[in-house]
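In structure tokens below, several structures.
Consider the two complexes below, in which subunit A is the common component and subunit B and subunit C are the respective partners.
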Partner chain A sequence: MSRYLLRRLIATVPVLIAVSMIVFVIMRVAPGDVAQMLLSGESGSVASAQEVRQLRQQLGLDRPYHVQYLTFLAGVARLDPGTSLWTNEPVMVELGRRIPVTLELAVLAVVISWTIALPTGVLSAVFQDTWIDYVFRVFSVAGLALPAFWTGTLLVLLLAQQFHWMPPLGYVSPTDNPRLNLQQFIWPALIIGYATAAILSRITRSSVLEVLREDYVRTAHAKGLHGAMVVGRHVLKNALAPVLTLSAVQMGNLLGGAVISETIFTLPGVGRFLVDAILHRDYPVVQTIVILFAVVVIALNLITDLLYAWFDPRTRYA
Partner chain B sequence: MDQKRIDSSLSRRELLVAGVGWAAWGATPRGAGAADEPPRYGGILTQDTFADAPHFDLHQSETIAALLPLAPCYNRLVQYDPFDSTRIVPDLAERWEISQDGRLYTFHLRRGVKFHHGKPFKAEDVRASWDRIIDPPKGVFSVRKLIFDAVSGIETPDDHTVRFVLKRPMASLLANIGQGWNVIFPKDVLDAKGDMKRDVVGTGPFKLKQYVRGVSLEVEKYPDYHVKGRPYLDGVKTFVIPDLNTAVNAYIAGQLLLHEATTESQAEQARLRVGSRGVIARLTQMSALTMEMNATRKPWSDPRVRQAASMAIDRKEAVDVMTDGAGEPSGMMLSTGPWALPAAELQKLPGYALDKAAERARARKLLAEAGFPNGFKATMIVRRGQQFESAAVLLKDQLGQVGIDVNLEIHETAAFYDKTRKRDFELYGGSYSTAVDDPDAIFGQNYLCNAGRNYSAMCVPEVEKLFLEQSQIRDPKARLPVVHQLQRVALQNVMKAVLGFRVTFYLYAGVVRNYRPHYSRYLSESREQVWLARG
Partner chain C sequence: MMDAVRRKPMGAVGAVLVCSLVVMAIFADQIARHNPDRVRAVQRFQPPGRVFWFGTDDFGRDVFSRVVHGARISLQIGIAAVLLGTSVGALSGLISGYVGGRTDLTIQRVMDALMAFPTLVLALAVVAALGASLFNVIVAVALTLIPAANRVVRSVALSVRETAYVMAARGLGGSEPRVVFVHVLPYCFAPYVVIATANLGTAILAEAALGFLGLGVPPPTPAWGSMLSGAAQGYLFRAPWMAIYPGVAISLAVFGFNMFGDALRDVLDPKLKGH
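Showing the complex of A and B:
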């Protein structure tokens, strides 16, 4: 197990280096730069080419690409990826403010998605081809079909225009005021959670259906065990492995959903920070966040693989 | 826009100021509420901006995202009357004199003014601030220094007097000094820090209370403010709301008391929901919609081709599409302002004829003379965004009617700015804004050979000559004919195809008093005079 873990951890290093190189190249290939953006207003800039050049120099953007890349990489290794070119604040300080926001949103969204997906998926499977199944299937197909930006905008519209209410503006930390914090986070978390639940529910359904046809389930029924007990103790645990895998994969989508929800619900999270950084060509910020997202996805996948052993004792790590 | 339709649907408390611009604002009421209502102290004004300011140094900024939240913390030498943007009134300078030859401006400063960090305000602070605007030290990027090209130096004969020495007379000097950006910073902080990117220290009616990056900037009443009895508000909180729909909905939900510069459809939505609890002001803005033609590239270097392109555009139709029917066709100067060419004059110039079919026939003839009897293909770059994209589609259609077959290329803002700065384009549909409706500002920033936003790279010697001439005439009546001639020459040469000026809508709650939007958001956002009635 520990050898397996070590091997997986070592394998992440080239993956992260490849990710950092790809994002570095993409950002440099994209036209426009932060110096131009810093000297521009709503309708362009009156700054001269010389001023833009001077600012580029001041920001270190005139250095050769390989120097910029290696400096950044060395910084990442020291957990100091540099300073935001847009705000002039250390990237880690900026991220430190925003990670708790996105983390809270992600955790709430995951809780909501599992809360919706597991019961609907299991009930759909158990009552296959009945009205219960059809209702939950429509529910999950709708979740897949409706994009988060659309449902989010519609929700804000509905709350404001019909009820003259909106989640409070600004950001309130859960430690300062849990009630206000929940008012701010519950709606975006619902939007993301529902979108994630839709696919999870479908996978849960098909996975439970598959397990329900297994011999040991038939045996359990034959032994006279109650249906709920069979599903709860024998089916669910064995059906959860693919759901868990998909949950980890969905984390990437969840972070993507956070980008949109944070903008619509004005939450100062990492997603919104990333979008702003891309638009401003704030290279160190974009590079750091993409690497951070890669780390999160890799870590979640690793944890999922390790959890497999708990769900399915037949799993062995070599 | 169907004005009658909108007016007839308003209730008594809903003030919708229609088609009012520069000159007419003085005649409109000071926000909602009875004129004899005594001001009330207290309350927090909530407003929004679409983005976070990259830093706090207004001399180095050019975005409203920085000016809007920070303006309440500062004063300028002179300011625009918050109720009448045609008038320049004292701010930190209580009075001023202009020499006979117009080359020396002497400002007498207020006494008893203190910065938020306790230091008394003196002439040296004005000098330190203006020196960095006019002649910025290394590492400081003064984005408006070209406007003050005529100023040769600043003198401070004593602690309460400042002199602006000019190389030549500049009729618009006071108007430009009054721009919201030109605030006075304390010399000691500038000396110690080098810039004001992280510090907010002014003499204004409010001081910084709390800044949460990406969330909001809150200012609170400055108890030692030098104007007795002001400000009325306890504070102003500016939220960062990048999504326009969310901002309008926050206004509808009562979380924002003020939402500036929105579209007609959003304003209509707010009107339907907020009803008599809100006020909507419609305003022609100092933001011109244009089509740029790169004169360094063939065939756009040929004036006949530029004229033909300009003549192809039906400006009324173009402006209707670009502004949801709320804009007005115009020349270079603000259509509702004192310098605009009269409509009858405009109609004689290429592109403004009322008989569009006849003008397009003439355009095709011009193209044939230029060697393109069957038209030609061209590429137009477009900034991503609904307003720019719909305008580009319309321009493509209209240019197509005289044989110019336009291919559209959409770029997001950073890439678009990059292309315009490098003049890597043939055509683009864009816009430009200036703080002040003055020929010095508009031509100085957009049309002169070395102007920062002269993306078309047009250089017309007669424009340069007329610009200098009008800039030195201090009597507005004598200046006006020269300004008109300047516009005629620029329009004849089609330096840019100007389509019209944007119209935007300002939404504010009925409890907001003494608030008056202006033709430019870069003039006065200090909120010193604003107060809140009981809700």
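Showing the complex of A and C:
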């Protein structure tokens, strides 16, 4: 187990280096000079070449690319990836403020997606080709087709026009005011959760259908076990492995969903920070967030593989 | 035909939606009731009615005509991105699986890195780097589709290269490129078609998301995602039709491609036959 874990951890190092290289190159080929943008500010005035050159020197952007890259990489290794070029605050401090927002959104969305996907997927499979199955399938297919940015917009419209209520703007921590916090988070979490549930529900259905055809399930039925007991004790545990895998893969998309939802519902999370940083060419922030996202995706994949082995001993550390 | 509709009703619905989208894109000039870019200062924010079926936007442009022309943009980007992304992915997967060794290792680590990016984040970063234009949006969306196609085709190539007929082709003196392109490549075609079709909906959705975030095809080109951002959000309560109709168009297009893709996968994937 520990050897397997060590091997997997070592394998993530080149992947993370490749991710950091890709994002470094992408940001450096981006048109628009960050020094020029900083000096122009909101007014859009044009700075002199001398001023731009001075600022570039000050920010260390005049150094050769490989020096800039290695300096950044060393900073990441020390958990100090530098200062935001736009806000002038340490990136880690900025992230420290925003990570709890995105984390809360992600956790709520995952809880909502599993709450929707498991019952709908299982019922859809158990009642295959009945109206229950059709209703849940249409429900899940719709979740795949409806873009989160559109459902978010419609939700805001519906809440405001029909209920004369708008989700509170800004961010309130759950420890300060849990009720207000829930009012802020429940809608974006519902949107991301529904989109994720759509995919999970489909995979749950097909996975349960496959297990329902297994001999041991037939045997359990033949022993006279109640249908719900068969599904609960014999089918679910075996059917959940692929659902779990997909759930982790979906976390990457969930982070993408956070970018959209945080923009619509003006939540100051990492996703919105990333969009702003990309538009402002804030190199240290973009590079750090992308690496952070990559670490999350890789870690989730690893945890999933370990859990998968726990669920299905046949796949143990192959 | 009727038998196929009876067996795959959702696939048939998807096919109808896809065909409608294609017709709309090809005959956009004939179907649109007005010039999609024509600004009418005195007819801003007209609600849906007889003259302007889907109303007008903040520039007085006809929303229906813009949605119809938007189909052309969405389909162009969707098809081009899928062809580019899945072809690059499939070709690199074919080489990776067939050649193996260090080539395989290097290509797979690059794919691992691409897969570690959340899809939208990668596309966002690429468009920000290259600048927002039709071509760059295609490249950005295509890039996100490469890893999945690579992995699928690699697995096929890995299994095919060990088969007796491929060894026989090699034994008969066939050159490596000939063996790869004449004997291995045809086996990768079915999974390629499946993954390409399944990705069309994803590509259209990704393009719309980029447009929504202000990094899609630049205005005044009528693109569905861009139509939903900016003014549509600003005037959401005054002119909700500006946001409603482009969203309906995106949803129907993605729904159609997903359903059509599912049905096609059921027909082409031998593992699913009989289920």
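Please note the rule applied: the second predicted complex is superposed on the first by the 314 of 318 C-alpha atoms of A that agree within 3 Å, B and C clash if a C-alpha of one lies under 4 Å from a C-alpha of the other, contacts with A are read in each partner's own complex, and residues count from 1 in each chain.
The criterion applied here is as follows: a residue touches a chain if its C-beta (ideal position, glycine included) is under 8 Å from a C-beta of that chain, and two chains touch if they have at least 3 such contacts.
Note that the structure is a prediction, hence the values are computed from the model and not measured.
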Partner chain in contact with A:Phe127 - subunit B first, subunit C second, else both or neither: neither
Subunit B versus subunit C as contact partner of A:Phe139, first or second or both or neither: neither
Subunit B versus subunit C as contact partner of A:Val290, first or second or both or neither: second
Subunit B versus subunit C as contact partner of A:Val156, first or second or both or neither: both
Contacts of A:Leu279 with subunit B and subunit C, given as first, second, both or neither: both
Touching partner for A:Tyr4 - first (subunit B), second (subunit C), both, neither: neither
Contacts of A:Trp114 with subunit B and subunit C, given as first, second, both or neither: neither
Contacts of A:Glu51 with subunit B and subunit C, given as first, second, both or neither: first
Which of subunit B and subunit C A:Leu38 touches, first, second, both or neither: first
Shared contact residues on subunit A - subunit B and subunit C: 30-31, 153, 156-157, 160-161, 263, 279, 281
For the subunit A and subunit B complex, residues of the former touching the latter: 30-33, 36-49, 51-52, 54-55, 58, 86-89, 94, 97-98, 153, 156-157, 159-161, 164-166, 168-171, 263-266, 268, 272-273, 276, 279-281
Touch list for subunit C against partner subunit A, complex: 10, 109-110, 112-121, 124-126, 128-131, 201, 205, 208-209, 212-214, 225, 228-229, 232-233, 236-237, 240, 243-244, 247, 250-252, 254-255, 258-259
Residue numbers on subunit A that touch subunit C, as the complex places them: 14-16, 18-19, 22-23, 26-27, 29-31, 137, 141-142, 144-147, 149-150, 153-154, 156-157, 160-161, 252-253, 255-257, 259-260, 263, 274-275, 278-279, 281, 286, 290, 293-294, 297-298
Parts of subunit B lying in touch with subunit A, wherever the complex brings them together: 46, 51-52, 54-55, 61-64, 139, 141, 143-144, 146, 197-198, 212-216, 239-243, 245-246, 249-250, 252-256, 269, 273, 287, 411-421, 430-433, 445, 451-453, 455
